[in-house]
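Can you read through this structure? Questions will come right after.
For clarity, chains are labelled A, B, C and D in written order, and residue numbers in each chain start from 1.
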């Protein structure tokens, strides 16, 4: 039964635009969906390898900027008078290149920053995101700096001569986001349910023990960082083409915090965690907006976060699983293993 | 028993003039010994004598300040731990020997990492090779669990096992990594007499398979029972080396080590 | 089973929520959306603008409203965040069914809202943002009453000879506003034979500008042009005084809030010049003294800090502009209001509000050209300098 | 040369306050393994408290600073007992999340209470700067510089010369052993968090009057404090002091001679450079194996 749940959820989600005609709520689903994808990417690192990357938003932003710039074109003079001119390309190539560039940055950052662990790793990743933000802010020629990249075209699929399909309407964009979310989910679930995933869990649990059985820890960390950055980049690309404007504020620490909250409250190291946490924290502002003043909305957000961590330190999904397990009286292992077993 | 191994007498692991300094502290001053193919050698000595440090040197967790380590003729000194493991040298740990919050079966599956054949693309695209490889690993994992005798606990969290079973699982994981030589760090600490006896049987079976074994252990009856040779460390240097009988009678060993009373480690500590 | 239940719960909640919004749609009043930053870095300014808007709404309602109906402001916080600004626009348009919006303070916030305006064809009065892109990107639903820096710089041309500047350094906030000001004022200065020296930026959140100022202290420029909001400006003036900088300081951008400067920077503010679009200190010199006095009186009566008036007047004028548009349109429908905006012509607190066409032909945005004043702070008092 | 001297003087003043900010964070980080995201909010708390006490209640300026430091200490102790003590033993990202939650609540609480408009505090110092040759500096900054140095010295003495400090150092070295030796770990944690918080509040109380006081002032303070801790190393007062001056130096020189846009990037670039060239040397903690 359990293995069909994601499909049921997917079908349920796919039906949303059919009965939900409120564009504002649909808009909330789309932006929440984008942040769920980003949170899933963070979960791959945090939940499965145990590395907390608080600079995840850098990859999100790099994906957003790359995709936007590829589809808008740019004209930049590099050091030494080399001029790089890029004519606009179709948007879908922008999205793909955004993913690749993000993944590549993930590789570089992974190579460098996995030399340190724990709190140092956390601060190093924050520093990275800050540097990227400041580059986006100050390299005006490329990024327009604080003037923002505007008029970013909507996502269009197709090839010259074969016709195009554009994702301009909210409904179609919802399905695009849902599709990317499903693909990311599949990638992550296959990865963590494989030998690779076991290696990641091993190094999260006990790094020395993992290397002693011949697991090359660094290469798996870097692999996780690459996949994670690529998925975050995809989310960033979707964000840029949905909002149609990006400025260096996409690198704000707040966005990373949003992702972390979604992952940790939902349940890190579970596939469903970021989805559940994402829906909750994506919709808290939507609900609280109609009841309380602006500052109080934030205060509720913060208090709710603390309460969830206090009451359910492992997250909502593991707690629900445990509750069902105890109700069934049958022994059910912890979430991580539960998923690993799904593959069997 | 010792006659058989002497007949082989092919050095597998050789440690030459290894010294380890931590800042001003000398953990090992000068250590030289070899372990032959198929031999069971025990490294003993009082606490702080440098046994675990020696293990860390051999398995790449520490770099020696001086000296070299070779396995089957190839130098190990500059290898990373996982590279050492892929040369066939696999160790167990004294304290944290298993992945606590993962179940027993998955622990062994993690141990089987090196034997997996699937590549990243196989995994992501769910290609047949992925499935085949996984099936193979699962079969192998069951076999290994049966071999160490904890197959009935396969679905339990490793952290929920009794201490003795955790040690067995640690060995199972090490075996899963396909070693030609095992380095066991106090494998029977925390085991009761029955468990220890069972473990000694397991060791005997492993040596029957031609496995080379280096053992650090405090349990003297066991050391005396299973070892072909014993190396005694004290204050970072070797003070005696030889077959169990010779060590038992060595006055320096008695003074340095046995003299303070044969300490069995408190069980379950 | 678990996942299914979770999803069902969420969907049920979402459905309930959308139903609750749907019941609000009866139009006894004319709704006007207000999309402003009430939390986050721009909270102070956004709150001022909203307070100004409320004064306008109350004034209009006290006089009987527009088209026989009262107006109702639907105020939403965009959290100083572009994503939220877009989401808020979506909510205002689709849930609250507002036919017109005022917003969204910062340029990036406004730019994020603009695609939504195109999507739903709802006009927006831009009360504060200064980025040139807002009116030049071909969005016919944009009507701006604040001056972009090019307008300000253009007006500065006439004042320039009297300030006797030979060479100027720029110190600007590192965002669209500051960078835009440095560029536009730089052009005007150069065109009028004034040299431009350093162009230094300061991060939006930066509190210590000593490094930039030390560099300027030893430059040969005689004037420092500063563009930033009042908090940072206070720091710039204090730190410049601490460094013993005796150069002429001219600030631009209209968010200087001179009273707050005098209050918080003290003597450091003396001798500084400020380009501003509203002069509440001299109500009789403003284009519509009666309106100015009424507005200032209300502002005071409600217990707001006088210093906020230089920000809040934009909210006041924004709502008045919208109501003028609704009146001209004769009905509270987006398309009619957008069309009628071109006919709006009245005197706001900072000059004539009448939209000129800007941007690509056929889809021009509206830009109103306000007055620009130069004021000077002298001995803790604000003066209109005799130049 | 004139410009350079001025930059150096600026650097010394800025560095002393950065150091103060960094020390509090590094102690909490080193001893408790808590990444305190609310550090900047305690800094803002100190600033608002001075505003409240000196402007609204009319207390003497210097006394206000002292009161703010004490208030920061109490608030820190409260946070520790209410938010951190129940989560003892949780992993580092769990406590970090709690502190992020606390940060969100505190920052918006400040805005709720005080509004978004920046506040400023008048001081008894003369407005005319102190001028020595070509270098000029405000009297308030001179006071802040010496007050910071005094507080740094006081913390140093507290850690190195008192019984409490000894227990803190023991806890930093090895919590379990310290506990076995009779150190009351709960008490030490509370004291550490209270001390760290009071130092942050002190930095805010000193800098609030120099700058302006706004709800967002904590964000940048947190970010800088993190950079300082990375530069200076774990749990080391000396390290944080040096880190503070290093960061100030990099920023001054970066803004003065490279590009002011990248001024705030300098600290982060140094961190990345340190990582590249000395990945383990400056600050790695040896993992115990086995």
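Methods note: a residue touches a chain if its C-beta (ideal position, glycine included) is under 8 Å from a C-beta of that chain, and two chains touch if they have at least 3 such contacts.
Note that the coordinates shown come from a computational prediction; the quantities given were computed from them, not determined experimentally.
K.L.:
In the chain contact graph, what is the shortest path length, in steps, from chain A to chain D?
P.N.:
Minimum number of steps from chain A to chain D: 1.
K.L.:
Report the chain ID whose CA centroid sits closest to the centroid of the full protein CA set.
P.N.:
Measuring from the global C-alpha mean, the nearest chain centre belongs to A.
K.L.:
Average the CA atoms of each chain to get its centre, and name the chain whose centre is farthest from that of chain B.
P.N.:
Here the answer is chain C, farthest from chain B.
K.L.:
In whole angstrom, what separates the CA-based centres of chain A and chain B?
P.N.:
Chain A and chain B have C-alpha centres separated by 42 Å.
K.L.:
Between chain B and chain C, what's the gap in Å when you average each chain's C-alpha atoms?
P.N.:
Roughly 72 Å separates the two chain centres.
K.L.:
Once you find the CA centre of chain B and the CA centre of chain D, what distance in Å lies between them?
P.N.:
Result: the chain centres lie 48 Å from each other.
K.L.:
CA centre of chain C versus CA centre of chain D: separation in Å?
P.N.:
Chain C and chain D have C-alpha centres separated by 35 Å.
K.L.:
Using the touch rule from the top of the page, what residues of chain D touch 2 or more other chains?
P.N.:
108, 111, 219, 261, 264, 289-290
K.L.:
Please output the residue numbers of chain A that touch at least 2 other chains, ranges allowed.
P.N.:
137-138, 208, 293, 295, 298
K.L.:
Could you list which residues of chain B touch at least two other chains?
P.N.:
If we look for residues of chain B contacting two or more partner chains, we find 61, 93, 96.
K.L.:
List the residues on chain D that touch chain A in their complex, please.
P.N.:
The touching residues are 29, 33, 35, 83, 86-87, 90, 92-94, 96-98, 100-105, 107-109, 111-112, 219, 223, 226-227, 229-230, 259, 261-262, 264-265, 267-269, 271-272, 275-276, 279-280, 283-284, 287, 289-290.
K.L.:
With touch defined as at the start, can you tell me which chain A residues reach chain B in the complex?
P.N.:
187, 190-191, 194-196, 198-199, 201-202, 205-206, 208-217, 223, 331, 333-334, 336-337, 340, 343-344
K.L.:
Along chain C, where are the residues that touch chain D in the complex?
P.N.:
38-41, 43-47, 174, 200-203, 205-208, 210-212, 214-215, 217-218, 230-231, 234-235, 238, 241-244, 260, 263-264, 266-268, 305, 308
K.L.:
Across the complex, what residues on chain D touch chain C?
P.N.:
Checking each residue of chain D against chain C gives 2-3, 6-7, 10, 14, 108, 111, 115-118, 120, 122, 127-129, 131, 136-138, 140-141, 207, 211-212, 214-217, 219-220, 251-252, 254-256, 260-261, 263-264.
K.L.:
Which residues, counting only chain B, touch chain A once they are in their complex?
P.N.:
Against chain A, chain B makes touches at 59, 61, 80-83, 85-86, 90-93, 96-103, 106, 109-111, 113-114, 116, 118, 120, 123-124, 126, 130, 133-134, 137-138, 155, 157, 173-174, 176-177.
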